[in-house]
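Following this line, the structures themselves.
Each of the next two complexes has chain A plus one more chain, namely chain B in the first and chain C in the second.
Here is the complex of A and B:
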């Protein structure tokens, strides 16, 4: 989609919703170096959402949407859960269909877009909770990776079923007492990042969303690698402050505490050899572009 | 519209000419060919300008699904792969249709049941996917034999449901089905059902349209809902996500959308009549005894009529072609002279008889039977026997154990 497509006819301008006017005026579609720093100075691709006050998932959403390298040609796929309360407010085409089938939807979608738009970039990004990714949808999560489907899978890991009221999930820590785990969860947190690597993902990151710059980096890497090489997986800790008994302002600290080197969300990354090569190429191109821009700026001022 | 018309007469990469569908189906020369039902599905797909086909093995549709793979290898299909289960396949089909592709898949029996959660989602999302259902048993213990019980589960999904009798129906309806499904005022998925094995695994003479003609491509921008390809503005779909809200506006939104889906099923009626030459076919509607059937039970009914004629009993026939939209008026009209209406079926519950009882006045006229199931065949003699018994005529035991 070119940016021209979202322009408003002058005659209709005043009757368009203000958030759409803002999108046309100051969204960052097509901006090459868009990122988290645009937040506050441009129209974000997310409107008001109905998540709980202080929910780390809302931070994650804002950082991710600010960091997508190509939102004007990106389609997102969600699943059932708190994320499905947010997606209707997102200014990127997105699909909700059923619970747990997100990677199957994305497989069909990516292939359809490849058939319909040969030679054009159309990125597909899946964003779903841990119940959708690891429990009910695990089969389709893994099979998409086995088939080397070229899209990014993001899991918002809050270690339980938040939207249905705090039930045990596969990514919950062992021993945690929750609904449907009345004597504490009896088995370990599923090690999906390792499974992702073994299943053929070319880029796997396990981290929290406490640092927007880090979220930006991993999102850009994941989308670029998925576009060129094959499946990528990001597991992001977005704690459900409600269900772990925290207050609205405590989400950030909870993430910081959980990403300490010995904790379960200490930054972990796997990059396959072809992906490493691609990232090096992208970094070199980026450097070249910046140098050229600097030179141009120098010439202009001289 | 403009896009579609502009490609008529041009060639695709396989050298086939995009042809006006009405001309292709009704005016182009036909070549008689001796094919199995599975091969006929392949030949229809060769002419369907299909973008994405997703396959999964389950008897008795595996052969058709694999043959379409050959079409993909030859370059007739945009993309093709084997999914991991029917639930996943139907979601993959949804993804491809959300992305603006013309999508085709095939399934059967337990596969239909496993995938079931997808079907109301397909119709709710207005995805004009075509799914061939080669019906087989869904009971336990495991059965792979013909049995049409699964159709009953499809009737309330909001999909169009057609029931083919012969391989010829299949060939024509696959191609015509897309024309009905993809109308902007319909834009719903189609379950095109047939009786597994009886149609898929037997050979029949089928009149094929020329192989160098194909359907005009699907235009996703005629859809009544936006195509998810980021080629149109990503407008905010709603102020509040009403998905899980408990308030009147939420209920009203969901209610009106459900009503709209069924209104779209109704609107498919005029297009189906146009393309299928009516929702039912009839013979001898002046007779006092009528057989109303769908699928291969129609063929058996036709044989029974011939046998009864030999004995001086005049009997008529209604072939129900579309189950959704349901030909209510047509069936009422066709059976208005009937004193007895017999509904032979290949399933244990008699879902078609129930539909007909709910449709015709004086429904005590409806005899729900004969039923066979679990893979049993339906010799025309048992239809004859059912009719003669109901009429108080003498009949002999078919089981051979004496009377």
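Here is the complex of A and C:
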């Protein structure tokens, strides 16, 4: 689908709900350097959602959707969890998979899209919680990486099963006591970023979503590398403020506290050699494009 | 032929699929009324009569006409608007025709705004809220229309008409098939022709609310 095709029928334009009209009028589909700075000046690709007030996951959603390089040709694959409540309000193609199946669905989807649209860039992005990625769906997650499937896997890590009341998950930190895990976690947080690297991911990042510019950078890198080279993995801390006993306004601070150098979400990045080369090429092209635009602007004003 | 009739509900929480009760789809050139195969001409008359009798006759256009996918879709949208305008011209004071879109099939959380849209997963909300007692689906993909029509029959007393571009819908009370711009315009012409000959059921309307 291209932006040109998504026009509302003229004779029924007035009855379309305003969010759809706004998407056609001022969303950033097709914009080359779209990013988080478009938030506030254009229609976001997320409408009112039903996440809790102050939920960091909603921040993550907004930054990610603002940063996808090619939203009109992207399909997102979700799984059961808080994220699945948001996807109906997202203006990007998406599929809800069975719990844990997301990377298997994405594998087939990516291959089918390559066959159906051979001359066209189609991105697939998996977005699931830690339960779906690391516990229930670990098999599908790892197998997709082993096979070098060309799509991005994003894990919203809130360190427990949030929307079912706070059960222990593999990504929960050792010793943490949750409402439905009263004994406390007995073993360490699963080191999925390291596992991802060893499993063949070409770009792996472990961080929080406290900084929109950082989220934008890692999303763009992950999607571009997955498109050209192979699997990429982002583990983003999106704490469940309800389950860790925080108030609505404390989510941001919780992320800032957790990304300090000695903490578990200190920024960690792994980039494979081919991916480093690709990123350098992309940076060079970007620089060239900006210089040309600047030159053009200079000529126009002269 | 089945004795089962597809009638306005509320039938019950989970009404049987009309197909499972022996209702068949019409052949080209035919329609069905309450599950009985009828000539298309008769269906135009009946659909127009139901629209003119209703307190809140409503058209629900779906994504296949709401979005200008191609020239044909845009023309159908124009025809839908013409049918709605015709309804507005032909109804009597007290009747309130509506045109409410079904822009999305995904269930919306926490809820849709029933004043401005209808969702196939809970169409009853829009029907109850606006007290719709007769509606027509057009441009809705068949599987979503089937889901909606069954929910409406199960929980409301709304009369349902399907202007289907494929083979028709057993779960509607009246179904056309092979919908085209010409068929929509012909329905509008029939509404115009029957203007003033049908008594609206203003006082006795059950208002689409389950009893």
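Please note the rule applied: the second predicted complex is superposed on the first by the 300 of 302 C-alpha atoms of A that agree within 3 Å, B and C clash if a C-alpha of one lies under 4 Å from a C-alpha of the other, contacts with A are read in each partner's own complex, and residues count from 1 in each chain.
FYI, a residue touches a chain if its C-beta (ideal position, glycine included) is under 8 Å from a C-beta of that chain, and two chains touch if they have at least 3 such contacts.
The model shown is predicted, which means the values in this text are computed figures rather than measured ones.
Asker: Now for A:11: first (chain B), second (chain C), both, or neither, which partner does it touch?
Answerer: In the superposed model, A:11 contacts chain C only, not chain B.
Asker: In the superposed model, does chain B or chain C contact more residues of chain A?
Answerer: The partner with more contacted residues on chain A is B.
Asker: Check the residue A:108 against both partner chains and state whether it touches chain B (first), chain C (second), both, or neither.
Answerer: It touches chain B, and chain C stays clear.
Asker: Regarding the shared-chain residue A:20, is it in contact with chain B (first), chain C (second), both, or neither?
Answerer: A:20: touches chain B and chain C.
Asker: Given the touch rule stated above, what does A:273 touch, chain B (first), chain C (second), both, or neither?
Answerer: neither
Asker: In the superposed arrangement, which partner chain does A:32 touch: chain B (first), chain C (second), both, or neither?
Answerer: neither
Asker: Do chain B and chain C touch any of the same residues on chain A, and if so, which?
Answerer: The answer is residues 5-6, 17, 20, 50, 85, 87-89 of chain A.
Asker: Residues of chain C touching chain A in their complex?
Answerer: Per the stated touch rule, the residues are 61, 65-69, 73-74, 77-78, 80-81, 99-101, 103-104, 106-110, 113, 116-117.
Asker: Please name which positions on chain A make contact with chain B in the complex.
Answerer: By the definition above, chain A touches chain B via 1, 5-6, 17, 19-20, 47, 50, 72-75, 77, 84-98, 101, 104-117, 122, 139-140, 143, 147, 163.
Asker: Where on chain B does chain A make contact in their complex?
Answerer: Touch list, chain B to chain A: 51-52, 54, 78-79, 81, 83-85, 87-89, 91-101, 103, 117-118, 121, 125, 226, 228-238, 240-241, 243-244.
Asker: Contact residues on chain A for chain C in the complex?
Answerer: On the chain A side, the touching residues are 5-12, 15-17, 20, 49-50, 85, 87-89.
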